[in-house]
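Heads up, there are several structures right after this.
Heads up, the next two complexes both have chain A, just with different partners, chain B and then chain C.
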Partner chain A sequence: MAQPLVKKDDDRDDEADYSPFLGIEKGAVLQEARVFNDPQLDPRRCSQVITKLLYLLNQGETFTKVEATEVFFAVTKLFQSKDIGLRRMVYVMIKELSPSADEVIIVTSSLMKDMTSKTDMYRANAIRVLCRITDGTLLTQIERYLKQAIVDKNPVVASAALVSGIHLLQTNPEIVKRWSNEVQEAVQSRAALVQFHALALLHQIRQNDRLAVNKLVSSLTKGSVRSPLAQCLLIRYTSQVIRESANTQAADRPFYDFLEGCLRHKAEMVIFEAARAITELNCVTTRELTPAITVLQLFLSSSKPVLRFAAVRTLNKVAMTHPMAVTNCNIDMESLISDQNRSIATLAITTLLKTGNESSVDRLMKQITNFMSDIADEFKIVVVEAIRSLCLKFPLKHRSLMNFLSNILREEGGFDYKKAIVDSIVILIRDIPEAKETGLLHLCEFIEDCEFTYLSTQILHFLGIEGPKTSDPSKYIRYIYNRVHLENATVRAAAVSTLAKFGAMVDTLKPRIFVLLRRCLFDNDDEVRDRATLYLNTLGGDGAVVQTGEDVKEFLFGSLDIPLVNLENSLKNYEPSEESFDIYSVPREVKTQPLAEKKAPGKKPTGLGAPPAGPPSTVDAYEKLLSSIPEFANFGKLFKSSAPVELTEAETEYAVNVVKHIFDGHVVFQYNCTNTIPEQLLENVTVIVDASEAEEFAEVASKPLRSLPYDSPGQTFVAFEKPEGTPAIGKFSNMLRFIVKEVDPSTGEAEDDGVEDEYQLEELEVVAADYILKVGVSNFRNAWESMGADCERIDEYGLGPRESLAEAVNAVIDLLGMQPCEGTEVVPNNSRSHTCLLSGVYIGNVKVLVRLQFGLDGPKDVAMKLAVRSEDESVSDAIHEIVASG
Partner chain B sequence: MDLCPLIKNIILLDSEGKRVAVKYYSDDWPTNSAKEAFEKAVFTKTQKTSARNEAEITMFDNYVVVYKFVQDLHFFVTGGENENEIILASVLQGFFDAVGLILRGTVDKREVLENLDLIFLCLDEIVDGGIVLETDADVIAGKVASHSMDDGAPFSEQTITQALATARERLTRSLLT
Partner chain C sequence: MILAVLFANSEGNILVERFNGVPTEERLHWRSFLVKLGAENLKGVKNEELLVASHKSVYIVYTVLGDVSVYVVGKDEYDELALAEVIFVITSAVKDVCGKLPTERLFLDKYGRICLTLDEIIWQGYLENTDKDRIRRLVRLKPPTEF
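Showing the complex of A and B:
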């Protein structure tokens, strides 16, 4: 039926890129669309025009609002034609145009007529179109037909209604939930896909009712599901039920037999779904794993790349937690190293690297070397990371692994790949002392010919720290000084700093370093010259050789423990005046970026994709707010502001949360109040605080809120005095007191007379964590060692029975309110022990580092060893006290 | 929705990576340029592989992409990173085979463009809003072709012979072009 849309050339074969849409133009096609208005419709011609319109949209062309409306109205005329082919194109076109609500009304009656038509194809498609474009109000009108359609004997119609139901559930759950009887009937359908769609919808209707889901799963697992897709769904629901069921004891895990049975299903997608589900069970035992691994192993030698990929990807994940269970597949896995599909080969290699033993390392490395040159960078990064962890596992093999890394470092590659290699070498140098010197030399050779400024400066910085500690520091100088000759200004400046560090640490090198630094004084870049001058002066380069003082070392090596963003803001706000810039006035609180939320499914694309503006920097905002209130102006510098704590339940008349602002000798509570009753205006709002359970606190000031109209939040403050510099804690009970005035909703005017009223709020606590700032350190081990053991306090605690190790770790982190370092807040699944590193700043600007070692003691009991280092032993004791009392 | 297998997009490109027909079911690529960038990335990453006998598979940017090539056409189906690869492959196979049936075995860019209306209908019958509607190529092709059977008037108004004659004629016409 489809005729070519433009006249064919007779010898079109000669024309290489012949296309019926060659030279197509939106304006012309829109003109052509006028044929839709002809009194005598030509179905074929109309179909062709619709195809052209769809082609344009498909190629990314957009219609203006006016154009879209015009086309839409023209297309609605085509419902007059009885040509089925044309009608199908009309349906697709309407969906593509996604008409607005007032336009939908025009086609509603035509579509509703089709929905009740005798032709199955009309019914199915009209349902899908109408449900796609409709809103809630129309839905109640067509609900009756949809319910009928769900149990329609034609599977296409039933599927159309069910799938539409799945989409509508997002927007109109209350309506779709009324269909559950019909949906339940459809689950028993003999048509495979109807069963699949019905099961998906039924589960979604009931997903918040655990008992119902449980019942659904246990009745269906007895075996009435025919469709492979539905069976896959059932496997997913089953593993969800297993996950949520409290009984995690493997011995009598419910439904395991069902999953295992699915491994013998005839459809590959079901076998795989079941195998994957088993490998992802919590605390899976080897006995449970074995049958799943066996079927995955069979997939490894399948002729289909998709099966090999699916199997090797799953086994790769299993290897992270149960390397021993995967070793049986090693032979099949090794043959995959030469797989045509590079994704499969890479996954196979990394799996082998995880499961391999020390003796197989060399053989593997040989195979990998051949293979590295013909895979993409992102796969190379995966391999590099796998080699890094392998090297940490077998430190004795560091020589061959380090060699491998340095070889690939010399080859071609993009920035991310090179960075992954450099990072790996740096980590190996840090963790394997024997690898240090060779590793540093590899890095030196790399910067001789490195095109990435960022990597060069990072390596130079690292050399400055590690180089002077080696047996022969002088051999690195040549590489570093070469940079001063050959590189851009950024790298030159970094090289100058590195030279200065060698000079500071190695006294014998000092005179020679001075010579080099003096040469840099003639550099043509300001920063390079400035640095050279600065270092020459701090190191005493103009006089005799002197012992490098402690404060000079601190200046050169000390880390800037202030977040750079905050420093930048403070510098921007600083106005040149008599008073010099004070670096201690920079706030130290790390601003946590809210994780970008995943878009809710079913949401219409916004088109612009502009993310909502993030909240303004809270620390700065609070500081500004508080310093603008004269009563609090003399409290000094704000140490920390807590996250808001809710003092009311959600959806109450008045919503109140509180932010605790900690100063050295004061605490200010900022109550954020919202009035949610449109008919009320609140005036003179205060919070009456009872501090009888907080002995060390005395109320000194409060600032009422003059007026709180509906839905526009306001703040009231109460300030307390507390002993200076100590972490005083206590409980406060709060009462909201205000004068309430009736508001006339039509005019929005308030009555003159008001009534005094009170509203009980929840209690508020000032806890020890309020006195600790979350401040991270970049290298915990270095920070820990440089802090020294002078003020170290170590003790052991039993934390009693806990849900899991992760839960215990999080509880302690929350209790201390400190910043987890190096990702140690994440506890790997199934681990029996864990070390967590925390850092922070205690009130009075005292740095604190904490090392927590957790272990499982018996089935559920968690024991913890707490080591605290700080600059002040009373602070170390205070941390222990927090834990002991928490 | 999260447990149901979801298709993110179905893409049909030519041998230069140019768009022939595409359908996106997810908000992950809100603009046309985002879509084009994705298509370009997919095309370049798979260009050098041979996916002419068996469907191939790759993974990047947290998406799993299964693909198959024939003549100057590249077929792709994309799913989220945790999607069951075999389900994605069955959708790809359904689409691929259905196009083959609709075009009577001559599957190349020119044939596809000349029958683009059928290809659009085919896409419409395979996935609805990300949810798999049908994976059986015979059923898909049947649904797409079925509409050429009716000549406007309802069957009841024609005699059986007439109806059959019309049907046969229309069918042959549609299959021969």
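Showing the complex of A and C:
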């Protein structure tokens, strides 16, 4: 039997190492629980046994169904005891055992008796226990008592009923919603905690009733809220009201004064809540942000880690949308890089990386280097990702940032961390041409001593694509060939493929590559040998300095333009026979496509919800999809695909969005359709497009969607011809036409006969920005100067009164659809002039650079000087025309 | 919601572990994560000095109280500041029960009362009572004094 509990005396400190639960065992304690059945109950002993049971449960121990039932029945006997201490223990124990519905009945009468007892504390506890174990039927029986309890004079009873209500709302909402009058009364309670609990419950009951929440907030923001906890709730509800009110004009934003006033509250919790609410306001202005940022800045140097963390976490979020607003805090933030708490330090660094300017990058990197050695991988990954974004923002700094990445690549670290670094280097190589050669060498050095097969093969593949295009491809061969000697079979096989790619692309290297490939013929792994044989034959056996044929290059470098899912299905269906598997028999059409992001207005996720998923398809995938459709196959190369544009409101019967695919002489609209009605099957779905407001467009093809079952998205296409190489614009109205068939919900089978029906969609526009690709340049000045002034066009424009300079800058960027360079899309606070640099590629593959100089003319009027340089003067003129007509 | 309250001794053994809304299969992961967090950061920390961490969208506030370490995990409205309030209530109530900073032995001696105290403070993931004097009375089934 386990040791009995010993009552603590002050003089027993020397026995500190002796645990009262030493050697405790579930079986023995369950035996001991038989004392609950004694006719003469010993309350002290019973309490000790319950404590042991609690100890077991709190260690993560579980009771089987039989054990729990046995203990539960025994515990119910303890209601006979009048001992107060024991009764309190019994309440806890019943909650812990959470008996099943058929057992509950045993204690219901005892608890009901306690709930109507004159002793307040029995009432409070009985309410909590009953609500924990009750079901709907029992709840209706006790509802009357619960409603009384909510307005009980004793705050403990009221709180018990209110918190019960919060829990019960999840399981029995229709019952709890009937209590709103009582809850409303409790919100006015003088007891701080009762008010807090009542406010939480009332809001939950009424959260879908916008008017009621508005009323609640209006009355409470004027009156007195007694506890900081309730005040925090009120701030949260207030920001919900602000968010949902249509008026986003800063000047008369409702309740802003209340939020601002809360910044001066004595409780830190309230100050933070208010500061966060302000920073998360829609279209928040600098004037509104400033007081919140100021208080957050003060907390950055607080002695309490929780406050520093809260402040830096909030500022980090602000930095994502308003980096300039946070720059004032940079000095305080820099001192946090050495904060003992690594979460704080990481947040500080990532914030600084977002807000820093080009000149501070080097200093920042020096500080980060010291910091990196003593943080965990998960933090390091966050920093690496932030550095990658910084490098893309300031491409001129690629040298020091790339060096940093290569240094940390050499240090110890797990797979995810190393992968994050490698991914970053690869992205930088792709986006910053100047960084390519050094980046590739860093990767080469890394694979010399890389313990992760996956990363080695990925890098080898990347080297095979990028390496041959460099000025001196031969210098990479050594690193690649070393892999054939030193690594496992998977990496060796990847190295062979990479070598072959160098051989195919660089004719002068071919003879030497052949020597190396021949050596691989003696490898002890089948795959390595097979690859070597295959490549030697494909590239032309004798290895002379000859040009490699296009079909061989296509074989080596071309992507597998068959959806992998389709290939997998075809292979599964293939039955081994005389006839070999024919890869051309695999269908190329992508069957379904994930739903595009819905244009859901209104609710913004609160807290730290996952960010919405990005657009589902890349240009590559679109290109493959379109080229697999014979009607569009001769349209040439796809120039640009827009982001999906919603043509229906959220939550309508049929959800449709459209992607605009721009070709040189054609435009294809891809309508992504989803049928959200389970009882319907749509067939022969087409979109009838009226192009009367798009004179230059003529419909040439339409590809209907054969069948659109419930919740399985599909696509229909309409193609238009337009004058070649010109940015024709126009407005299109759309009507969804289909045959609808009823579906039997029980069998899922559709009826044979259908009815033709139509569904009006919203209009769609092709605008000038659709003809410009967002393509950045790493060094704008160099690019500008090398482009020369031959095709330069300069003009000045008055943009009229604007809300702010930043708003004007963004409007022009959106109008042109070009890529902002060097972070110039961000307008510093209070500035009266700004220069923004844009770059892009105009249809016909003409590079365009734009220099926009904005100035405030008077209090609100914005004037703009637009200088355009491109390789073709007609394109420079076209850009001016876009701005002039926009 | 307050997802977890956990007490451990100086060796990282669990003394109390209470979860709300955390699936059983994730509990072990949380237990080892928290104990590791404490082992890495709590050395030399002053009593009741609050440390903070976040893991995905979940916040953790933790501290040392005598020989035991206390961890509180929350999400959504229970962010680092609300958890700081919760852990403050917990530590002051536990000190009150023990009469001083608890040794491991003292904590275990007062185990039953500590369970009752936690039951008064957190109810299925929601903060219910915050005042240590009131909590002391409630575990004895006595009404609050201000009433």
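Quick note on the criterion: the second predicted complex is superposed on the first by the 554 of 886 C-alpha atoms of A that agree within 3 Å, B and C clash if a C-alpha of one lies under 4 Å from a C-alpha of the other, contacts with A are read in each partner's own complex, and residues count from 1 in each chain.
Simple rule for what comes next: a contact is a pair of C-beta atoms (placed from the backbone, for glycine too) under 8 Å apart; a residue touches a chain by one contact, two chains touch by 3 or more.
Just so we're clear, the structure is a prediction, and the values are computed from it rather than from any experiment.
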Room on chain A for both chain B and chain C (clash or fit): clash
Contacts of A:Q170 with chain B and chain C, given as first, second, both or neither: first
Which of chain B and chain C A:Y122 touches, first, second, both or neither: second
First, second, both or neither for A:R399, with chain B first and chain C second: neither
Partner chain in contact with A:Y55 - chain B first, chain C second, else both or neither: both
First (chain B), second (chain C), both or neither touched by A:K153: second
Touched partner set for A:Y237, first chain B, second chain C, both or neither: first
Which superposed partner A:K113 touches (first chain B, second chain C, both, neither): neither
Touched partner set for A:R478, first chain B, second chain C, both or neither: neither
Contacts of A:K637 with chain B and chain C, given as first, second, both or neither: neither
Shared chain A surface residues [contacts with chain B and with chain C]: 5, 18-21, 47-48, 50-51, 54-55, 58-60, 84-85, 87-89, 92, 95, 119, 121, 128, 132, 156, 159-160, 163, 166-167, 193, 197, 229, 232-233, 236, 268-269, 272-273, 304-307, 309-310, 313, 341, 343, 606-609
Interface residues, chain C side, partner chain A - complex: 14-18, 27-28, 31, 41, 49-54, 57, 61, 75-77, 79-82, 84-85, 103-106, 108-112, 115-116, 119, 123-124, 126-130, 134, 138-144, 146-147
List of chain A residues in touch with chain B within their complex: 1-5, 18-21, 43, 47-48, 50-51, 54-55, 58-60, 62, 81-85, 87-89, 91-92, 95, 118-119, 121, 128, 132, 156, 159-160, 163-164, 166-167, 170, 193, 196-197, 200, 203-204, 229, 232-233, 236-237, 240, 268-269, 272-273, 276, 303-307, 309-310, 313, 340-341, 343, 376, 378, 599, 601-609
Chain A residues within the chain C interface of the complex: 5-8, 12-13, 15-21, 47-48, 50-51, 54-55, 58-60, 84-85, 87-89, 92, 95, 119-122, 125, 128, 132, 153-156, 159-160, 163, 166-167, 191, 193, 197, 229, 232-233, 236, 268-269, 272-273, 304-307, 309-310, 313, 341, 343-344, 606-610
Chain B residues touching chain A - in the complex, by the definition given at the top: 1-5, 19, 21-22, 27, 30-32, 34-36, 45, 49-50, 54-60, 66, 84-90, 109-110, 113-118, 120-121, 124, 128-129, 131-135, 143, 146-154, 170, 173-174, 177
